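Naming follows writing order (A, B and C), and every chain is counted from residue 1.
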């Protein structure tokens, strides 16, 4: 629940996310502002008139996505930093997510950063395509991130250090680095099970809880495969490591 | 995809990859390996990956010795850029019954006569090798230092990489749906990705080899049986050799990586293609392990899984041709030992296909033996 | 004794706005502030403000202070500014005693606008005097005014706007915020602020409180615990977080001492942060000629403080006899803005509080 966690729920987001058809037409602003608060700069900053005039300053914004051309002026004007622009037409595999980023240093164009979701969880490696920081933006620069297309509605922030750099550990139990993982993918180990077997990643005490997602993301990034269609590795028992003696003791009492 | 091949090998486990490598090394071109999922996804990737030369039949001893000697040098021979992680920590096989003790004395004599350096040990001597063992539960033991363990994924990959360098094509995620036979001759293989015409097909499909045989009407007397296994978290090295007992129904080994791998047989396991896991196995395994090797009780299990043994009537492999289907070859019926026999399988099947003189007398392992009733029953199986 | 028409105590957003609007009508003003510069809390606010254009929405607090200061310069002939000047009391005859640079100064104004703002509330728990435990305002001053990092890791208590905003600013300054907790089951601040924080991976623990602080000579660790629906600590729910800074932002109380001294009628209104003065629509208290504006009249956002200041300035000047053709329009505009800022769901508490003290 948003009020308890600060994270918008699926239900909240339904109101904010435009149709597939609209997204297929090009960039559009996504306003994730769900609480009535006295604030209207999104409306006053929009030169296109895409945001409906506020009858009451507490109104939550209503955007006409057919008028919005994704110019992103509202993004750096929103005091709540609740607006991003998403362009799903950026490339075959990737979408562009333009986020407000008020941190120094700014990322360098062309560099890779870590894409974060609404809870700050690392979800992908993102390429910094552009950093806009004009005077009019008044120290709320806009960073354009290229992210895997199926994460266009997931990535909402970024972390400067590229946790997906080659020397980062993907699997901490078995010490597989991102570089080693990429090398395996390059060699043709193209599913998570193949990677698991050749590298032991995911076979450690954590049972793949940390690395499974990361490996799948990297596979998606490297091969263009969709996360949603990717075969997942087998979830084998036990879910949590358990002492042989504990099991043996339990068996005795039966 | 290739639509013609000289040889199609069905199965991307250790057997299929080893056969492909040996054929290619002997100059055969246009070899295709078809694998339903990915290399090692079947029994190879699920096995305990132990290697032993301590067998009860001369045939198995010789197959095992051949393979062990190959694995000792496999990194170099196959020019692998990884490591197959072969560790010769030995196998300590314990006798818990008088009958077993009698059999073991015979086995040691046989093995020694074939150049396998097995020694017969008292319980006290056995305890020196595995100090955390409860030696009161055993009568005697045999030990061969040259037995050991290796990494099945890397071993298979080493073969596959070497084969690929020699031109072998691997078709992953491709399923064989039928085999075309005309006038009792193999014509080609139908897959879900298309048809490949080929005069030679090798059935190295492990647990699925019965089904593959059925495609050409060869009634191979094998069935798939589930076997389960578990692995623990990695811990510091405390147990060098494999600990094994047939009558107590356990094998348990610490891998070079530090984790313990252990498994057991169960006459009640389902005989179908299921590879799910059961709690019965986990409990019984844990209980027996804690009794025999009490020190392991505080080590945590991280994973259990199952694979298929391809069981033959006499627990020995089935190698060679099939009557009435020219061009169809078998490398099956390993009854749980296909991985350790991988190197010899590749060599003898390649020789058979090319009509060369066999390095080992594998004519005794042909399918005909079942019709003739000439079985070579192997007594030493978990 | 210095004489003037209007003394404004406090140079924050309310006081500054009051000075400008009063001077714009012609009134002679003395603006007194205890710190070395004007702007009050505005100068620590590096975030963009909410509201509408009239309250400088989308402009950063620190820049709003700059804008107000520029406006102030237009009236430098009628406004006298006293900095580093603390009002120590307001006497029965309306005389204001000021201490400035160790000098004792008396001012006799005809009217007073009290715009003293609010002070931070604190929390009681064992060891809450350990160095490393700060109020959010102190942390903001250290960080945003003096450029000093309060520590390496911060646990923030309070998920109201201040707690959320200061957490964000700490992260901007490169300081690691480990968690934000709040005793309430719901986040009190604007949810867009909360979402902004969550995107950086900072957990917000609602229904949690501080149980102990630990450390030798300085803070090393805090023990937190969960609260049930009745706000009672759940036994066994304790857990520790290692941190060198605990930042407390559990609300503000109006700084009303001067109003009490004057004998203004006060009322306890929890929705407004504690005791606040009874006032009329012109923001005049029960004592004629004494006006209030901003947090001292009830804790709210800086946007409303500025509008209140403007309104109080207009009304005080008018009572002093100044006028202009559009005065009524200006007054009504202020009232409309205030209504609109307070009209939403978030303003519910404020509206209910104000209804108890407005006569």
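Convention: a contact is a pair of C-beta atoms (placed from the backbone, for glycine too) under 8 Å apart; a residue touches a chain by one contact, two chains touch by 3 or more.
Bear in mind that the values here come from a model prediction, so they are computed numbers and not experimental data.
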For this session: Skipping subunit C entirely, trace which chains still reach each other through touch and list those groups.
Result: one piece
Seminar exercise, completed: By Cα-centroid distance to the whole-protein Cα centroid, the innermost chain is A
For this session: Tell me which of A-B and A-C has more C-beta pairs in contact.
Result: A-C
Exercise. Looking at CA centres, what chain is most distant from subunit C?
Worked result: B
For this session: Starting from the mean Cα coordinates of subunit B and subunit C, work out the distance between those two points in Å.
Result: 77
Problem set entry | For subunit A paired with subunit B, centre-to-centre distance based on mean C-alpha positions, whole Å | 45
For this session: Let me have the rounded angstrom distance from the C-alpha centre of subunit A over to the C-alpha centre of subunit C, please.
Result: 36
For this session: Can you tell me which residues of subunit B touch two or more of the remaining chains?
Result: none
Problem set entry | Multi-partner residues of subunit A (at least 2 other chains) | none
Problem set entry | Footprint of subunit A on subunit C - complex, ascending | 47-53, 57-60, 63, 159, 171-172, 185-187, 190-202, 204, 206, 301, 303, 340-347
Exercise. For the complex, which residues does subunit A have touching subunit B?
Worked result: 189, 191, 193-194, 197-198, 200, 203-205, 207, 234, 236-238, 241-245, 247-248, 250-252, 254
Seminar exercise, completed: So, in the complex, the side of subunit B touching subunit A is made of residues 37-41, 45, 153-154, 157, 231-234, 257, 277, 282-284, 286-287, 289-291, 296-305
Exercise. Across the complex, what residues on subunit A touch subunit C?
Worked result: 2-8, 32-41, 44-45, 56-58, 77-82, 102-104, 116-121, 138-140, 156-157, 159
